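Shared between the two complexes below is chain A, which pairs with chain B and chain C, respectively.
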Partner chain A sequence: MSAPRPAAGILPAAIAVFRRELLAEWRTRVAVNSLFLFAFAVLVLVAYAVGPTRLSPEDRPTVNAVLLWIVLFFSAMTGLSRTFVHEEDAGTAAALRLSAPPSGVLLGKLLANVALLGAVTVFIVPLFVVLMGFEIRDPPLFVLLLLLGTFGLASASTFTAALVSKASAKGALFAVLSIPLLLPPLIAAVSGTQVAAREADFAAGLDFVRVLVAYDGAVTTAAFLLFDAVWRE
Partner chain B sequence: MRLVAENLSRSFGRRAFGPVSFRVEAGRVLGVAGENGSGKTTLLKTLAGLIRPSGGNIKIFFEGEEASEGCEPRDSMSRIGWCAPDLSLYGELTAEENLVFFERVRGLVSHPDRARARLEGVGLPPESHSKKPLSSLSTGQRQRVKLAFATLHEPDLLFLDEPGANLDEAGRSIVQKVVAEQRLRGITVIASNDPRDLALADERVTLS
Partner chain C sequence: MRVVKGLGFTVKALLGLGMAAICWAAFLWARPAQNFVGESSRIVFFHVPMAWVSTLAFFIAAWHSAVYLRKRRIENDDAAAGAARLGFVFCVLATVTGSIFARVMWNSYWNWDPRETSIVLLLLVYGAYLGLRGALEDPERRATLSAAYALVAVVTVPFLTFAVPRMYQSLHPDTVLNVRGKVEMSADIRTVFFSSMVAFMILFFWMWNLDRRVSRIVRERAA
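Coming up: the complex of A and B.
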């Protein structure tokens, strides 16, 4: 009989899950295609319909901030639920449940979704700035808001995807649960982005940064505390 | 080492199986028989910790811990192997990549040679597992990969649901080999309708 074995570590499991997610995505390109094509299509439509010349200078910071985060929000809604939903649909979840510590699974999938949404953000934001003539007066604040907002969207979407993955109406349930959960960081991110576009005053946007830090910390902590029950039940 | 189930049952609105009680000692093989829909698969999932029982309990007493209160399957998942028709591995990865991935998430030191040896042990030649994605293999070849997955970490408890499904005669001899190896390691539970699978068992529980 074999000797008792230590439980698998969270970090090695998370790294393995993260690598597998990226490798699978590289080979299938399902989430990448839906995320990037959706984001690009919306961006082109917005640029065509609104464009930089149809907005008055005083309206530009507000409208552009809202439009930018709408693109990022719906991109997250489009592609990030796949991470857990596909495991259940493909029947691979049971093998993962038997093999990996739950926190390692969540961390690996969260990192993969952050990487995916981060790549979309890196792709979309420069295009948005150019096509919409979006002038940013405080780039460090803008970048910080993008980092925190993207992480918050990815974190909340990943956990919500885990919650709905066993339900029958996954798509509808994902939207119903995600929208109220994602509104607080979206409001903070939009408001902070307006500040970054209006003035070069980092301190003026600090309250929104604090809201996003608190939100990201709370959602991520709650996700790790609750995930074991969600994943195994 | 011992696996003990007492008055075990599971319901999904209506009864899926049970109550059923049994005890299996190390080195022994338990066969679970029963008609389609009698709850064999649900019983195996419950024993593996993938489903909570509605009633009764399961205790696993590992070697050196026989005097303790025993562990529940959910606390012993790293020591359980499971192979079933509704188990799927990652179709976009090769068989070898699948095994290396599961070694890593289990915290085992991953080694391509070990994964290759395990796959060759279930009769898969290198050209079928090193380059082709799993989804392109035949159903029988995928069943062999599942057997390799279930025994990858040398589990103390091995649960095999319809292990001979989709396997040719050579594949069936691999099931016999897997069960023989598991006798040296711990406990095996086989759920099947096929007399050839059930013939590997020392004792039998029939679900109605």
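Coming up: the complex of A and C.
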């Protein structure tokens, strides 16, 4: 490949980083494989142990909602740190620092993580619904919560991955740092999913949608403001 | 660069005497409140100030983190780390005292009431912050990255503190920092309570002051 050129602005840089992430991932498929296999393994375990029949009908919305977000959350913890950690490990971080403005790097990697987590979600959710007999009374609300929730998961995880890539004990530290940041959106997403499963009342779930929108906006903004200092360290 | 000075004899003496007086008043002068099991209302003089101080300490740490990222003075990192270490201790104490109170009052140690959930979140944030600091060797990198984490965390903490209680109809009586409690406090309880709040804040500032001064000495010795 030719020597890296400084990108003109944030958006072209972000698109370049995004495409590069997807391309690199497609060639090796490491993160994709680990993410999908992990999610699938947890799903198989849960479906076997709990399944559609072992829960009483009143408990099903509550428990299934929690289990679904547990699968998604731990999939995120498994696969989303690779984007920065691998950069440092492979020694390509310095070249990236020279080629693109920090916000462009963050945006590109954020979009790549969103795409990755989104792909896992698209794969897992239908399987989960079928294998667990998860009845969703309000599909539009459910889809909205999935979109907002996975974006929030990816956003906070990408920033934490950047922090962790410079530290020792990266694997354990990534989950430890991410969990406190992700507790609010997870609580909102789980509660909203429970509402979506129980009743076809979009308005009732709107509180949780609002929390997720606010959280996604707040954390993504904070990440962009702080990333410059983190990246240059 | 501004050197942190000690608090001085008068403040420390007043703090010592004041705390002693509050401890005496909390157990021997204030009457137990109504609607509480036995003498258990006395915990409000200790549990609430500690929970408040642990929250305050976190915002102080976040403030100094922001100033550090701006000015890059290592003293701000010392201040942030010190506030976080102390805040963590106060947070653990607040959680434990709250849990004991819940056991006495409602016969179960933990209920995931919104306030309980937010103190656990604060505990996790402190743990994560201190864990991150522990994993970073280089002082400047440690300061920068932990400052960045503290600032992202300060953005997310209000969600559980303010948003979640509005989302849930808590079936449990509000346990801490509730308006209901303040309005219904009798005069003697109110006196001891507010004195205790002030005393615990001064206690925190004193301990934090000591920590900052020690950090500076340790850093200068190592250099």
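Keep in mind that, in the parts below, the second predicted complex is superposed on the first by the 226 of 233 C-alpha atoms of A that agree within 3 Å, B and C clash if a C-alpha of one lies under 4 Å from a C-alpha of the other, contacts with A are read in each partner's own complex, and residues count from 1 in each chain.
Just so it is clear, a residue touches a chain if its C-beta (ideal position, glycine included) is under 8 Å from a C-beta of that chain, and two chains touch if they have at least 3 such contacts.
Everything numeric here is computed off the predicted structure, so don't read it as measured data.
After superposition on chain A, the partners chain B and chain C are accommodated together without colliding. After overlaying the two complexes on the shared chain, residue contacts for A:A169 are found with chain C alone; chain B is out of touch.
Within the superposed three-chain model, A:A41 lies out of touch with both chain B and chain C [touch as defined at top].
Applying the stated contact rule after C-alpha superposition, one finds that A:A119 touches neither chain B nor chain C.
Residue contacts after overlaying the shared chain place A:G9 against chain B, while chain C stays out of touching range. By the touch criterion stated above, A:E233 is placed in contact with chain B and with chain C alike. In the superposition on chain A, A:A214 makes contact with chain C only, while chain B stays out of contact range.
In the superposed pair of complexes, A:R97 makes contact with chain B only, with no contact to chain C. Closest CA pair between chain B and chain C after superposition: 7 Å apart.
In the superposition on the C-alpha atoms of chain A, the part of chain A touched by chain B in one complex and by chain C in the other spans residues 233. Listing the residues of chain C that touch chain A in their complex gives 69, 117, 121, 124-125, 127-128, 131-132, 135-137, 140-141, 144-145, 147-149, 151-153, 155-156, 159-160, 163-164, 166-167. Against chain A, in their complex, chain B makes its touches with residues 1, 26, 45, 48-50, 52, 62-63, 74, 77-80, 82, 84, 86-93, 97, 101-102, 104-108, 133, 149, 153-154, 156, 185-186. Residues 156, 159-160, 163, 166-169, 173, 176-177, 179-181, 183-185, 187-188, 191, 207-208, 211, 214-215, 218-219, 222-223, 226, 229-230, 233 of chain A touch chain C in their complex.
Chain contact summary for the complex, chain A toward chain B: residues 1-2, 4-9, 12-13, 15-17, 20, 23-24, 27-28, 90-92, 94-100, 104-105, 232-233.
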